[in-house]
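Take a look at these structures.
Below, chain A partners chain B and then partners chain C, in two separate complexes.
Moving on, here comes the complex of A and B:
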């Protein structure tokens, strides 16, 4: 099977940003330099830069 | 019996430790979680020696931590019924002697020490046999058989191991050496007599 990098759905995006923001708020080291102090903004910025080491495992029937 | 076991367990890696080297942190966490714990099947877990595989981490909803299914090697000690062990006496009490068997202590009850009437010598912290005069004191090396095992997973200190020495080839190591010497001497005498 060919490996296709699909765009994240908005739900997946929310899940990743949510998880990452929680990690940052719980004291995880950040992966980028940023001026913001809000973990959610920080997570969003990290996602935009594509540095978050989290992948989504899609289960169930594909669309 | 001591065993080396290959085990799999789930470990929670808290986010504040994400910056560190994953395998080292997981080994650390596994040690904290398991070492000193008692399991009904494995016995007492003594040490986590090395981490073999950490698999893929999972992030559960509502918790920023990552959960890893870690495969690792560990050293365990499980007291098995009928197993013969040697150990040092760690404490003498009125009703018997506590024998250190490694990570756990076993109880050798007065009634299980020898085929003799055993009395407790409180002043010298010894248990003395009435007829033989043989005594057991703290620090003595004993060879005993496990006759009862009751492991408590929740309270490792509440685990109980029952021992006996009222069988052939069991007892204080000095008694065993004595018996061996005696048997050897008798055999030599026998040989001397037959050769005449």
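Moving on, here comes the complex of A and C:
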């Protein structure tokens, strides 16, 4: 399967951050060292570093 | 590098590229400056695009609906100086969206071809040719109840101005049934074969309504000078008959009747016409709505190759989903009919999923996550 590298849409971003923040809030081990205690901020930081173990499956054929 | 080549290589719509070239080519800019401009243009263009999963339909509906509340409920307005009465404001917008067969105030805009566009006489002549001339416009009609005759007294000035031939009028009048036509100098006498008062009055009415020259549906033609050329505006619309006339620029001549546009020029013209008419109506009221909302509406209306209205007899009524149709109007009937026919709802649309309480396929609801396992 070909991996399409494209910027995430704002909805995809929100969805990934949301899912990851939920995992963190329920006690999942964090993948980065962070000063914050807020799971959403932590998820955002993880997304920035690209370490979140979640991807998007897009339907259709993106350009 | 050549400016034209640079612009051509960009990933931008053709219109934007053309604009860019037209604006940039006369300026003497350094390569760095051009690069910066192109970079910014690209950035702005990217930002102006909608992202996938955006609820464009809902946003379009709101963006047209809100300004709609600010529009005047009943406006009858005059189109510029040309004092032709046209429906504007909310009634006009409703008319467009409802895809009425005939608008309240049909109107044509007729452009002339290159050689006659600046010629006032030709424009006026064409106007007289188009305007429907009735017998009552060029003659006084008197009914003599003693003699049981009808006298038509022709106005020479009107005849000359409209270039109407008296013989043509006589031939026209001879098509009337049970009437003997006699020419008496510049007057015409009609003698009905049935000597009855009612018959006489009926003939008067018929004679008055007879079209001697021009196009029946066109009540009035106004000639206006716009910039350098003369443009004809007509009250009433009959594109087909006007298109065949000489000295007319068929590429620009148009009507405000969208169905007529579709019939004469095809569905793409109808789409453009919807966009233009809706935008003009909104602009006239001082409201600015992004074209893309209107374009979406126009696309939905013309998608199937024929002009469909938005409401019950068009888009909303032809949806495949039972629940979606039921949510719109006459709920019980739709559900009952669907039950009788044994229809299935695939639950793919937004409305259906809202009704059954599922996440909708819009925005974050349309994003599917999968776990990323292993190292890449």
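Methods note: the second predicted complex is superposed on the first by the 56 of 63 C-alpha atoms of A that agree within 3 Å, B and C clash if a C-alpha of one lies under 4 Å from a C-alpha of the other, contacts with A are read in each partner's own complex, and residues count from 1 in each chain.
As a working rule, a residue touches a chain if its C-beta (ideal position, glycine included) is under 8 Å from a C-beta of that chain, and two chains touch if they have at least 3 such contacts.
Bear in mind the structure is a predicted one, so any value in this text is a computation, not a measurement.
Chemist: Are chain B and chain C a fit on chain A, or do they clash, once the structures share the same frame?
Modeler: Aligned through their shared chain, the two binders fit side by side on chain A.
Chemist: Should A:19 be classified as contacting the first partner (chain B), the second (chain C), both, or neither?
Modeler: Both chain B and chain C are touched by A:19.
Chemist: Once the two structures are overlaid on A, work out the angle chain B-chain A-chain C from the Cα centres, in steps of 10 degrees.
Modeler: About 110 degrees, rounded to the nearest 10.
Chemist: Please determine whether it is chain B or chain C that touches the greater number of chain A residues.
Modeler: In the superposed model, C touches more residues of chain A.
Chemist: For A:32, select first, second, both or neither according to whether it touches chain B, chain C, the two together, or no partner.
Modeler: In the superposed model, A:32 contacts neither chain B nor chain C.
Chemist: Where does A:54 make contact in the superposed view: on chain B (first), on chain C (second), on both, or on neither?
Modeler: both
Chemist: Once superposed, minimum distance in angstrom between C-alpha atoms of chain B and those of chain C?
Modeler: 5
Chemist: Of all the chain A residues, which ones make contact with chain B and with chain C?
Modeler: 15, 19, 54
Chemist: For a test of understanding, state which residues of chain A touch chain C in their complex under the given definition.
Modeler: 9-12, 14-16, 18-19, 52-59
Chemist: Which chain C residues qualify as touching chain A in the complex?
Modeler: These residues of chain C touch chain A: 51-53, 363-364, 366-373.
Chemist: Which residues of chain B touch chain A in their complex?
Modeler: Contacts found on chain B: 14-16, 18-19, 59, 61, 63-65.
Chemist: Where on chain A does chain B make contact in their complex?
Modeler: Against chain B, chain A makes touches at 15, 19, 22-29, 54.
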